[in-house]
Amino acid sequence: MSGPILQLRDVSLSFKGIQALNALSFDVARGEICALIGPNGAGKSSLLNVINGVYRADSGDVIFDQQRFVRIHPTRAARFGIGRTFQHNALFKRLSVRDNVLAGLIRHSRTTLLEHAFGVGRDRSETREFGRRADDIIAFLELPRHRDAIVSTLPYGVQKRVDLARALVGRPTLLLLDEPMAGMNQDEKREMSRFILDANRTLKTTIVLIEHDIGVVMGLSHHVVVLDYGRKVGDGTPEEVRNNPDVITAYLGAVH
Amino acid sequence: MTLISSAEVADFAPARAPVRPRSRVWIGFAVAALVVFVGVPLLANDYWLNAILVPFLILSLAGLGLNLLMGYAGQASLGTGGFMSVGAYATYNLLLRLPQLPLPVSLLLGGVIAGLVGMAAGLLSLRIKGFYLVASTLATQFFLEWLFNQFGWFSNYSTSSSISAPRLAILGHDLSGPVGRYLLTLSAVTIVTAVAIRLVHSQTGRTWMAIRDMDTAASVIGIPVASGKLKAFFVSSLVIGIAGALWAFAYLGTVDARSFNLDRSFEVMFIIILGGMGSIVGNYLGAAFMVLLPILLDHVISGPLGGAIDAGQLENFQKALFGGLIIWFLIKEPNGLAALLSRCRQWLARRTAP
Amino acid sequence: MSLQRTFFHMQNLRRAVAAATVGLSFAASVAAFADDAKTQYFPLATFRVGAYASSGIPVWAGEIDYFRYINEVEGGINGIKLVWDECETNWEVEKGVECYERVKGGKNGSPVPIFLPHGDPISKALTEKSVADKIPLVTIAYGRTEAIDGRVFPYSFPTVFSFWSEASSAINFIAAKAGGKDKLKGLKIATVYHDSPYGKETQVPLAFLAKTYGFEDIQIPVPHPGNDQSAQWAKIRQLKPDWVFLRGWGVMTPVAIKTAAKVGFPVDHIIGGIWSGSEEDVRPAGAVAKGYLAITPFPAGSNFEIHQKLKKYILDKGLSDLKDPKSFGSVYYNSGVDEAIIAVEAIRTAQAHFGVHPINGEEAQWGLEHLDLSEKRLAELGATGLEQPLKLSVQDHEGGGAGKVLQWDGEKWNVVSDGWVKSDRDLLLPLIYERAAAYAKEKGIVLRDATN
Amino acid sequence: MNFFVETLVGGLLAGVMYSLVAIGFVLVFKASGVFNFAQGSMVLCAALTFVTLREKNIDFWLAALITLAIMVAIAIAVERVVLRPLVNQPQITLFMATLGLSFVIEGLSQIAMGASVHELDLGIVDTPIKFGDIQVSQFDLVAAATAGVLVVALSIFFSKTRVGISLRAIADDPQAALSIGIRLQTLWQIVWGVAGFVSLVAGLLWGARQGVQFALTLVVLKALPVLIIGGFTSITGAIVGGLIVGAGDSLAEIYLGGLLGGSVSTWFAYALAVIFLLIRPAGLFGEAAIERI
């Protein structure tokens, strides 16, 4: 079916009087890569947190896949198929790469405690199935040589990729990436962009991402939304946005 | 700085070791099984069976139980003694009131009851975290201690409100002798350990470790944190409950609630911290340490210079020394004896490597 | 990897096995000189550390001093010298059991005649093991009361003064004060007890006696350890009992005495139980303890004949185990002497029957069940007034069942009852046998016949 | 009614005794984020030292001074040997360390001074005073007064002195404290020293109440719920918590104990604490901790 996968209608959010999001509205079309840009404190991360239920919007609607919800628990959002990576990476640092990826599948698990304890029933088949899916993603993101490494021992760039793998393995319909390339050098960024594009093309995942590097954003995304102090100042294709005077003053003007 | 995040507890968990060729493991497994199930009963005398091996095994089991909760799921608890007492009293009443049930079933059911109580106590963990959770488990500890001391029904109205084991027997085989009680304990420990190992490498175990390492992220990627915590409390208390029943019937023979007081909770916590959090073998190392050290000190010190020093001083000295050792371990080997052991193995491997 | 770990734990157990074998060979080497043993081994379970150490320390002193006296002056029991070593229990069940297991095998070929658990919970935990190992547990003034019935509890000896007798004697003392048992009618007697199996042990007999004599039986529990009792004594102030029977343990007693003074309850109407009746219990309470009463089978005092001997041959020769000489003749010290006397006499009795050699548990049990400490014998021992006449049998593992009431004058204890206050054993024994029978039924124990 | 009031007052005053112990915890926790289980042993150690000195006929104040010196020495040693190597370790580790520490202190102080019970007479007569027909214990009043003085003194110490200010600072930011110019180690030593002083006061009052003996260490267990209710970081909280626990215990023992068969006070305080936790996870006066995603 068609139609936007995600619609925001006049979403507002405030912390202790500070307006983080101000009557924000835009759509995310199915299958596109949508980039949220804007200076620090523009409310980008808050927006992601509203979309997957970490925060509750003060007012406005979030309509995901035709269903409207006011407050949803993050776990349920994940069940609905909203995947998420984190700005400050939030991997399970004592676990191996593979275990981290497998953790991304737990929400699909249909087995019970007893089956796990005694390795009976669907446990074995599920373990095999999950293992396969995990290994596929690991291969897809070119992580096999790190497969059994403890994530806390891996370089930052790789950890970011593991974070992406953990989010992708559950095959989310909508994937939220919070600064997937923060703190990366150009090569790493190029690599990461490639993975994001592949994920979007081959896995048909709709992606909403936050990124500061305009170059990367313009090259990567079909659709750009520009935020400033919780307001939307631009919304359109990269070209449109690039030529939007408000955006230029609000954002591109202030070069980081 | 007012909370330990579960992640902090996780800092104990040692990295996992690489896999070994199966065949060798199986041989070692078989040999070990032969030794402990046949060799030990033939060789060891009553003292070793009753006073060292049985308590060692049971404490390892209790350690395992707490380790599942604290080392894997990152939920620290001081309710261990209480849950042990639930297991003991529940099993006692099952043996007493449903004599037709075979012993293993009563043991398991006793454990399950302890598990449910543990789960109820675990409800607090859904709102309270870290050190405050530790404190709140003390409430459970003291309440249970009081409960069993207070209400005669639990101890079948015995004068001393202490419970003593009915005859231990499986399929008519009497197990009340030292060897019998050793084998009963050993079998229970072996089975539970095997299941526990399966569990920590299953989805459940992964859920627990995810909660331990970063519970907020866990919930965002769709891991059921609340149910995960409750399951951890259930399984942990189940294991601890079985340990409690064994402590009462296979080890002491008679207990009242005070055998499961706060000191017991501390003892078990020492075991897993010395042994190594988030490690299965650590529980055995820790328990061995806890059981053997005092006896060792006793023999060593009282042996050569027993006459020289006054006995009271000796005991106080032991106490101080033990405290010192605990501090030393926390400073020098926070990942516990398990980490120490694996480091030794690596060192040996390096030495033996061509 | 799971197998990996299993493998480790097996290795680890294998290590334990190795250790076990070592221990075994050690035990074997010990068992070597079984025959030519000329000494009587007598293990002592002690608690010199932990919350109760202060009450324990004088007890071992009393025991050890008497043992040394037997060895030094009398050259042992008919020439068989006593050897003992200590095992620390911290008054904890687990450690107690560990000690028992460690020593029960005997030493250098000498068997264990008697084990003194020194701890109510420990004695209960050992009840069944002791039967299996045929080692008598002598628990003087503590332990399971039903064990008086030796037909059901062949190896448990709650000798001299059980908790039931303690309660009954206390009541009888009150009766004497009131001027006759008929005067008990309508009196309010509150029992303030340590809320533990030990503390609850007297609930049944007191309820029974209350019914018999028509006094009001009030039970007030104090949670362990009992370092705050404001609530309990507020309650007492409200109920205004005529007497308070205080069954404390450790710190609970001094706090109780102080709190009583605080709420203005007359301290000379508080009767402490056996374990609330020592110098260590009242001294910390200071001046307010003056006038406090206590019932005990171990009358304090250092003027008994045996104390003269102990002083002459042990203390003055610097052989005493006592660190603080002012504890000589204290309640706990004398309790140690009492225990030692009974143990030694039981062994002596056994020797008379089985011949002069190191006595084992089975023989000692016979010795205990045929122990007869008559006035005459006590006089010979120099224990007149210190120890009550005692005659044990299969049906009666208690024997005496009387205590003396002491009063604290701020410096020392003085006996205020006239002689030994007897308990109503004839009244209570049927009840005790009933309970013993019930226990036998639950455990499927066949009663021994009483006629051997 | 009188009976109720009397029980209440008695409970409140008993609570103050717990507060005295709790204050020591709060100090240490504020400074080094450690729940110091060894506080009980420090109480025992202080009281034992003091009594032993007194029994050697040393003058009261001199004895107090020497004891204090010893407590400070212990504080410094603890910082050097235990805290410094464990800095930045999880709280639970530090907690375990203090457990070990309590073993060490108990063991050593009993080696040095024996395990027997000592009487401690502070010359405070403990006879009841009547207000109408409500009795109040003089001793408890003195204890309460002492606690009051202590709190005032401490709050002055912490609001006026550099140590105090930096202490308040590190509660939220260790760096800030350092910028004020006191080394964290020094600060810890000072605070543990003060905690030692507090345990001396507590030790004297408790010792006078129940005799100086091992059981003194058990007061820790009652102090914990006091801390949870009051919050680990607030001295006022410690006092209020103590009052709540004391009153709650006594009333529960009388009115609940009747229904449930007594001894409810073994757990009641903790149940109370848990309820408080559920409502206010950081305690009445404690600062809530923020968790970042």
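We call the chains A, B, C and D, going by the order they appear; numbering starts again at 1 in every chain.
Rule of thumb we're sticking to: a residue touches a chain if its C-beta (ideal position, glycine included) is under 8 Å from a C-beta of that chain, and two chains touch if they have at least 3 such contacts.
Everything numeric here is computed off the predicted structure, so don't read it as measured data.
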Which of the two pairs, A-B or B-D, is linked by more C-beta contacts?
B-D
Chain at maximum distance from subunit A, centres defined as averaged CA atoms
C
How many angstrom lie between the centres of subunit A and subunit B, each centre taken as the mean Cα position?
42
Where the CA atoms of subunit B average out and where those of subunit D average out, how many Å apart are those spots?
32
Can you give the whole-Å distance between the Cα centres of subunit A and subunit D?
50
Would you mind pulling out the distance in Å between where the CA atoms of subunit A average out and where those of subunit C do?
73
Multi-chain contacts in subunit C: which residues touch at least two other chains?
48-49, 53, 57, 195, 223-224, 323
Per-residue overlap in subunit B, given as positions that touch at least 2 other chains
16, 146, 149, 198, 216-217, 220, 312, 316, 319
Shared-interface residues of subunit D (touching two or more other chains) are 107, 110, 114-115, 261-263, 266, 293
Per the touch rule above, subunit C residues touching subunit B in the complex are 1-17, 19-21, 23-24, 27, 46, 48-49, 53, 57, 85-86, 88, 90, 92-94, 97-98, 101-102, 104-105, 120-121, 124-125, 127-129, 132, 144-146, 195-198, 200-201, 204, 223-224, 323, 435, 442-444
Please name which positions on subunit B make contact with subunit C in the complex.
16-17, 19-20, 22, 25-26, 28-29, 31-33, 35-36, 39-40, 43-48, 50-53, 55-56, 146, 149, 156, 159-162, 164, 166-167, 176, 193-194, 197-198, 201, 251-256, 258-259, 263, 279-281, 284-285, 288, 292, 295, 298, 302, 306, 310-312, 314-316, 319, 341
Give every residue of subunit B touching subunit A within the complex, in rising order.
7, 10, 13, 15-16, 18, 195, 198-199, 202-207, 209-210, 212-214, 216-225, 231, 234-235, 278
Going by the contact rule set out above, which residues of subunit A touch subunit B in the complex?
52, 54, 73-75, 78-79, 83-84, 86, 90-96, 99, 102-104, 106-107, 109, 111, 113, 116-119, 123, 126-127, 130, 148, 150, 153, 166-167, 170
Under the stated contact criterion, what part of subunit C meets subunit D in this complex?
48-51, 53-54, 57, 195, 220-225, 227-228, 230-232, 234-235, 237-238, 250-251, 254-255, 258, 261-264, 280, 283-288, 323-324
